[in-house]
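Each of the two complexes below includes subunit A, the first together with subunit B, the second together with subunit C.
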Partner chain A sequence: MKEFAIINTRLPKVDAWAKATGDARYTDDLSMPNMLYGALLQSPLAHARIKSIDISRAKRLPGVKDVITAKEAGLIKYGVSPARYDETVFCDQKVRYIGDEIAAVAAIDLETALEAVSLIEVEYEELPILLDPFEAMKEGVIAIHDEFPNNICAEVHQEFGNVEEAFKECDYIRTDKFVNKKQDGAFIEPQSCIAFYDLNGNLTLTTSTQTVHYVQRTVAMVLGLPVGKVRVTKPCVGGGFGPKASANTIELASSILSMRTGRPVKMTFTREQVFQHSRARHQFWHELTTGVKKDGSLIALKNTCHMDGGAYSSFGIATVYYGGSLLGAPYKLPNMKYDGYRMYTNKPANGAQRGHGGVVARAAWEQQLDVIAEELGMDPLEMRLKNMMKRGDTTCNDFNMSSFGMEECLEAIRDGSGWKKKKGKLPKGKGIGVACGFFVSGAGFPIYRSETFHSTAMIKLSEDGGTINLYTAAADIGQGSDTILTMMAAEAIGVRYEDVRVLSGDTDFGVDLGAYSSRQTLMSGHAVKQAGEDVRDQVLEVLSRNFKIPVEDMDIKKGLIIFKKKKPDFSVLRSTYIKEHRGWVDPPVGDELTFKEAARVAYFEKGVVVGRGSYKPGDLGGKYKGAAVGTSPAYGCSAQVVEVTVDMETGKVTIDDMTDAHDCGFAINPTNIEGQMQGSLSMGVGEALFEEIKFDDKGRVVNPTLGEYRIPTALDMPNVNTIIIESNEPNGPWGAKEVGEGAIMPTIPAILNAIYDATGVRVRELPVTSERLFTLMKEQEKK
Partner chain B sequence: MKRIITLNVNEKEYEVAVAPNRTLAQVLREDLNLLGTKIGCDMGDCGACTVILDDRPVNSCLVLAVQANERKITTIEGVADGPHLHPVQQAFVEHGAIQCGFCSPGMILSAKSLLEKNSKPTEYEIREALSGNLCRCTGYQKIVEAVKAASQTMKK
Partner chain C sequence: MHLLPKFDFYEAYDMGEACKVLAEMKSEGKIIAGGTDIMVNMKKGLLSPKCLISLARIPGLSGIEPTSGGIAIGSNLIVSKLLEFDLIRKKYNLLSKAASVLGSPLIRNRATIGGNIVTARPAADLPPPLMAMGARVVLKSKGKERELALDDFLVGPGQTKIKSTEILVSIIVDEPPPFTGGDYIKLMHRNALEIAIVAVAVQITLDGPDGSIKNARVILSSVAPKAIHAVSAEKVLIGEKPTEKLFKKAAALASTDCTPITDIRGGAQYRCAMVETLTHRALSAALRQIKGK
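On to the complex of A and B.
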């Protein structure tokens, strides 16, 4: 085992102190002199034609500085994927969901802005509302977007191998349906932003985002500004989980308002607006047909999926691909066919959320595999082990598992949970269930077609050599990338953790595609590692020239220069350093040459000492249409065992125990890894047991609060036995790969399988409320 | 009509003129610039705005500023002793209990308030005391571990 000084330790997060004391600043905590406050006018109707908009009364209200509608903001289309740019900043002809944005006001305070919004008069002509995606795709119904006559926003048809032929060889085939409910990201910090367009023509947008790079591009495009004139920066972000991974209306509206008024403009979502803006987990209807041999080997899978997309595309094109592609692993599966359809409806747009399009497909399939195992008389865990892919295997849809500790994960949870003692032996009302999953370590391709680097990093040494500034555009949204990248920089150079200062989440600091698809540890990590090694090499080369010692005979460790052979006399160097820094508090001491003295020598020779790093994935295989969604340089994987108690009188489910093993390649910081695993599991518990956005028949969200839309509290979560598996990923920095999303994959099906074990009831509709389970148990009794 | 009130925040007296409809959370953030108090919902659902009001944790978005007149308030800014973190804060830092940190000020205040009343809480008591503070990032486990650890150090 290689020894590391910094990585692979449980160092506290770099931002933990500021966040523990209340010093950390999030967007809504910031303000600027002369700042205006913005507010939005949103549609009260789910589908209507806009006949007229009258902003004159709003404009006359004292304190109002600007009112804008589509007329002022223009009609440049944007969205997430260029193939489906279907949004404009404000609605022009039509509104498509309750909450669709029609106008924005900037005023001297929020109260005035809100009052002005109430003075805008809009005349609507109501249109038929489509809330059900199956209705929406029928012939002859109204089109929500004129360009999509039967409301099919995207469809995917893929076949790998030959499923129909393969079914002929199968001993057992079964079909099941499964449906979840629309989920909300429910991050605790609502989106907020401040835009300021200065007199030099530079726009600075400070915003609560996961992806400064994509927001920069979208804002530049929609506002018609050169991209170099747009700077997007994020302070601390209070969680994102997907919905903050693309530009939103307030970012665009505040930018336009600032350009027009010449003043900074702040806009912040209310909690209800967070629910309306949504861009979170879709509702999926899966129909899965799986064929196996008697011995349990998986032969073929046919997967049909319909998705409720809501009013706009958002990430939906990727989602509809992921709904199929993410069943390609972790089992050896030679034949797979997928038909996916994403429909427009008059609801808030759905997008990406932790685990993206794979979570519900995974839940459906892992439950079905459990049924199959039972039918074949096999232990479900052993059946999974039997089919498990190994390191080096490639899926039928061309994903290469360059590392894959799945067997180790399964064995770890089997032994860690006491599976063998418990499975099939628990009393009625108690159950145990298992499931597996995997996820990408970063999307292999950017959202827009481009040869761009996915991550760049720059490391600049301070003039005194004592501080190492790391510049990255990667976004820490709570998952801890600032900490991970700081640790990586320190390790690569050979300095101490506290010597590195990270500056991140700013388009001025470089290019980074941001915090989505679990990409930053691997991708930003590669760039940082490279930049760190570059700095290290530069410093050592200068020393080598000065001391006439070959670079190979030196090393840097814990901020000290290690001379492997004879230590040179550096007394002159040291006394010069001390003289130059007379009166400073931290003169270099001790018997070893310090990194800062060495860096000072490098500074004298070069003036600027900068290390550079950049990363993009190599050729990832997959030449078929849609291969860009799911191919990744590496895949993380996990397995879970969940134990539940079901109250047989009421159907209430309590999660007693969770054992989770995740293969993250290599743990840069085990504490952070466990945090990602535990957080993923709690989001999975929420989706499995109670999260559901409900609509009335007019398309209104009826539970747009964190009281009525229930997420897990401290009382709902058990302690999780988290087991980290390290498989040393060849494509990852130091062998590291994802953990942020993969860990959610097995949670829902493991819970469902445990509920079955406890009750004998298969639940194929989420969430498993006590009412739903109770009804199913009653039906079962009647049979 | 604005009313002049006196707030005792973190052992300092502040005189502020407030409109009757302003919440304590707003006044703390906007008038006193104590921005560590967060607003996640503004409806009493999430606990991000938790402060301690006369020894009791409350959602400051549900308290009108005028109701806090002449009462004692502790916000997150008043928890550390200068540069020395409170044991609860220290434990949150060390145990990885903070991810995005948006819930942390409220969590820390709820935990501190619990430990002041009950120095040896059981795990259930900890979870119950924190159940009004939502966290979407951590799954609560490391938060609970931190509170347990803090109760140990505080006893010493």
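On to the complex of A and C.
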């Protein structure tokens, strides 16, 4: 095994001090001189025609600097996927959900801005409201978007192999339905931004985002600015989980307000606005028909999915594909048919959330596989092992598993949880369940069709050689990419962790598609590794010329130059360095030539020493329609065992134990990986047991608070036994791939399977509240 | 966006001053203790008092004083203190149990026992155990003082018998007599930061170590506009030997003593079923406590 100095260790996060002490600055902590505060006017109706908007009273209010509507902001359409640009900054003809944006105000303080918003008068003509996607599909109902008369935003029809023929060969076929509820990302930091358009025509947008690059492109397009005039930068971000992976209304509105007023404009969502803006997990209705052989081999899967899209497309085009494609693995499955439909409704738009599009399909299927195993008299864990893909296998929808430690994951959780001793042997009210999952390690294609690099990186040495500045547009949103990329840069160059300073999340620092689809460790990592190696090579080449020593006879380790053969005399170099830096506190000392001195020599020869790196995946995946969604250079995978106790008299589920194994390819920082595993499991627990956005019959969210929209607290999470599996991914930097999203995949079904083991009840509707489970148990008793 | 409306803030240094200012403000003044409820409601625009009068500086409102036959708890005592005092944990454990599931540590460090009573939320955690222990509240106004049973004090959601000139100063709880046991059980979706789906508080007293039930209070919460007595359950318990069969009967009656609604936290039918389950569990726990098991 190769030895590493920096990577594959448990170094503390680069921002650990700032986060632990509360010093970390998030967007809403920031302000600028002369800054204005913005506020939005949003629709109180779920579906209505706008007859008139009167902003005159608002404009007259002292302290108000600007009021804008669609008239001022224009009607350029934008969205996530260029195939479905269906949003404008403000509503023009009609509003489509409660919260749809109509106008924005900039004023000298927030109180004034809010008061001005209340003075805007809008006359509406109410339209029929469509809250149920199945209603929305019916003939003759009103169209939410004129371009989509039957309210079908997108549909997908795919077939790999021949499912109907394959079913004929099957010994056992069953069909099950499954439904979840609309989720909220429930990140701790609500969206916030400050836009400032300066006198030279440069717009700087500081914003709480996962994707500075996509926001930059959208803002430039909607505002009609050259891309180069738009800089998007993020400070600390308090979580994203998907909903912050595209441009939002306040980013656009504050930019327009700043351009018009010439002053910085800050806008921040309230928690209620976070719920209204939404863009989190859809509600999915899956119907799955699976056919198997007597020996448990999977033969065919037919998957029909309907999705409640909400009022706009957001990420939904990708979501509707993912809802099918992500069942192609981790099992060998020769035949798969998918029909997916995403409908517009008069609700907040749904988008992407951790495990994009695949989480509910996975929950439905992994529970069905458990039923099938029982029907066949097989151990569900052994049935999974029997069908598991191996390294090098390709799915029926052309995903190549270039590394795949799934067998190891399953074996690890089987042995780590005591599965064999417990399965089938626990008393009533106690249960154990297993499930598997996998996920992409970065979308193989950008969201817009392009030959662009997915990540670039630049490493610049300071003139004294002591500091290595890493520039990347990758976004650390709390998950720790700054730490991972710093470690990678230090490892690639051969310097110490503390010598590297990371500057990230800024479009001025390069191109990076951002923190979504679990892509940065692999993709940004490749670019950073390359940039680090470039720096290392440049410094060694200069030394080579100076000392007349071949490059291959030198190395850099822990900030020191290693001369593999004879060490040259560098006393002149050292005394020169010390003279030049007389009075400085950190003269180079010791018997070895330091990287600092070497970098100084390189500076003398080259001026600026800059290492460059860039990455894009090569040709990947299939050629069929929609092949881009789900295709990735690598796939992470995971397996989990969950143990629960069910209070048989109340229905309340307590998670007692979770054993989770995840194949991340290679662990750059095991602590960070365990953090992602724990976080994924916690999100899965919430989605399985508590989380549901509820609406009244007018389309209003009735629980837009973290009091009534329940994410798990520390008291709801058991200790998790996290097991890291390394499979050395050939397409990843040092063999690394994803952990951020794949780890959520097995959580919900493992819980559902454990609940069945405890109660004998199959729950096919989320969340499993105590009331739902109690009611199902009572129904079972009556049978 | 919710911003706090403008208001005056008055920090009274003694009870006399607080009563005087409150009287002068007519009904435009409001008392603030922990502020965990009133600040939220002011932000939402549900309340807009001209002046908030703080109890923070008034001496003697944040302690526990012995009385003849019990204790008087200062209304400004923060909830987390109910978990710290040995006296409460040992002799009035029903109260500390309820305090332990109120909100979160952050909320418990600000919210007060008085606030939890005066705001009169149907699912408030402290009134049920206090009612089960037969607590009384002491109300002061300029030159006057009166005492009311907590049962009578609470009227409905957000409504009590307090007058706009009165301040709740203390809660009087009698020491549980010998052969007394109780429990508070709160059914929650998650394990913290919760408003009860259903909660039940029970206190029973036997007339001897193996005697009959001399006194029984069964309080149901979150199933009516305010915490209520399960009247028919109490009636059936009193005078009987505590048996499993009796507890089952009482629990079944309790579920007919309430008329819950279906809301965002749970359905009416489920709530009724849970009243039965929790009442049975609380009665059994109370008996175990008496028997020292």
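Odds and ends about this structure:
We take it that the second predicted complex is superposed on the first by the 783 of 783 C-alpha atoms of A that agree within 3 Å, B and C clash if a C-alpha of one lies under 4 Å from a C-alpha of the other, contacts with A are read in each partner's own complex, and residues count from 1 in each chain.
To be clear about the criterion, contacts are C-beta pairs under 8 Å (C-beta built on N, C-alpha and C of every residue); 3 or more make two chains touch, one makes a residue touch a chain.
Just so we're clear, the structure is a prediction, and the values are computed from it rather than from any experiment.
After overlaying the two complexes on the shared chain, residue contacts for A:V551 are found with neither subunit B nor subunit C. In the superposed model, more residues of subunit A are touched by B than by the other of subunit B and subunit C.
In the overlay built on the shared chain, the residue A:L114 is in contact with subunit C alone; subunit B does not reach it. After overlaying the two complexes on the shared chain, residue contacts for A:G480 are found with subunit B alone; subunit C is out of touch.
In the superposition on chain A, contact of A:K694 is made with subunit C only, not with subunit B.
By the touch criterion stated above, A:A186 is placed in contact with subunit B alone, subunit C being left untouched.
By the touch criterion defined above, A:M35 reaches neither subunit B nor subunit C.
Once chain A of one complex is fitted onto chain A of the other, the partner contacts of A:L715 extend to both subunit B and subunit C.
Look at A:L426: by the touch rule set out above, it reaches neither subunit B nor subunit C. In the overlay built on the shared chain, the residue A:Q678 is in contact with subunit B alone; subunit C does not reach it. Counting contacts by the rule stated earlier, residues 270, 707, 712-715 of subunit A appear in both its interface with subunit B and its interface with subunit C. Interface residues of subunit C, counted against subunit A in their complex, comprise 1-3, 104, 187, 189-193, 195, 197, 264-267, 270, 273-274, 277-278, 281.
Listing the residues of subunit A that touch subunit B in their complex gives 10, 12-13, 15-26, 28-29, 185-190, 236-239, 241, 270-271, 477-480, 671-672, 674-675, 678-683, 705-707, 711-715, 717, 719-720. Per the touch definition, subunit B reaches subunit A in the complex via residues 29, 34-46, 48, 75-77, 79-80, 85, 89-90, 92-96, 98-105, 108, 126-128, 130-144. Note for the complex: subunit A touches subunit C at residues 39, 110-111, 114, 270, 273, 649-650, 652, 689-690, 694, 702-703, 707-708, 710, 712-716, 769-771, 774-775.
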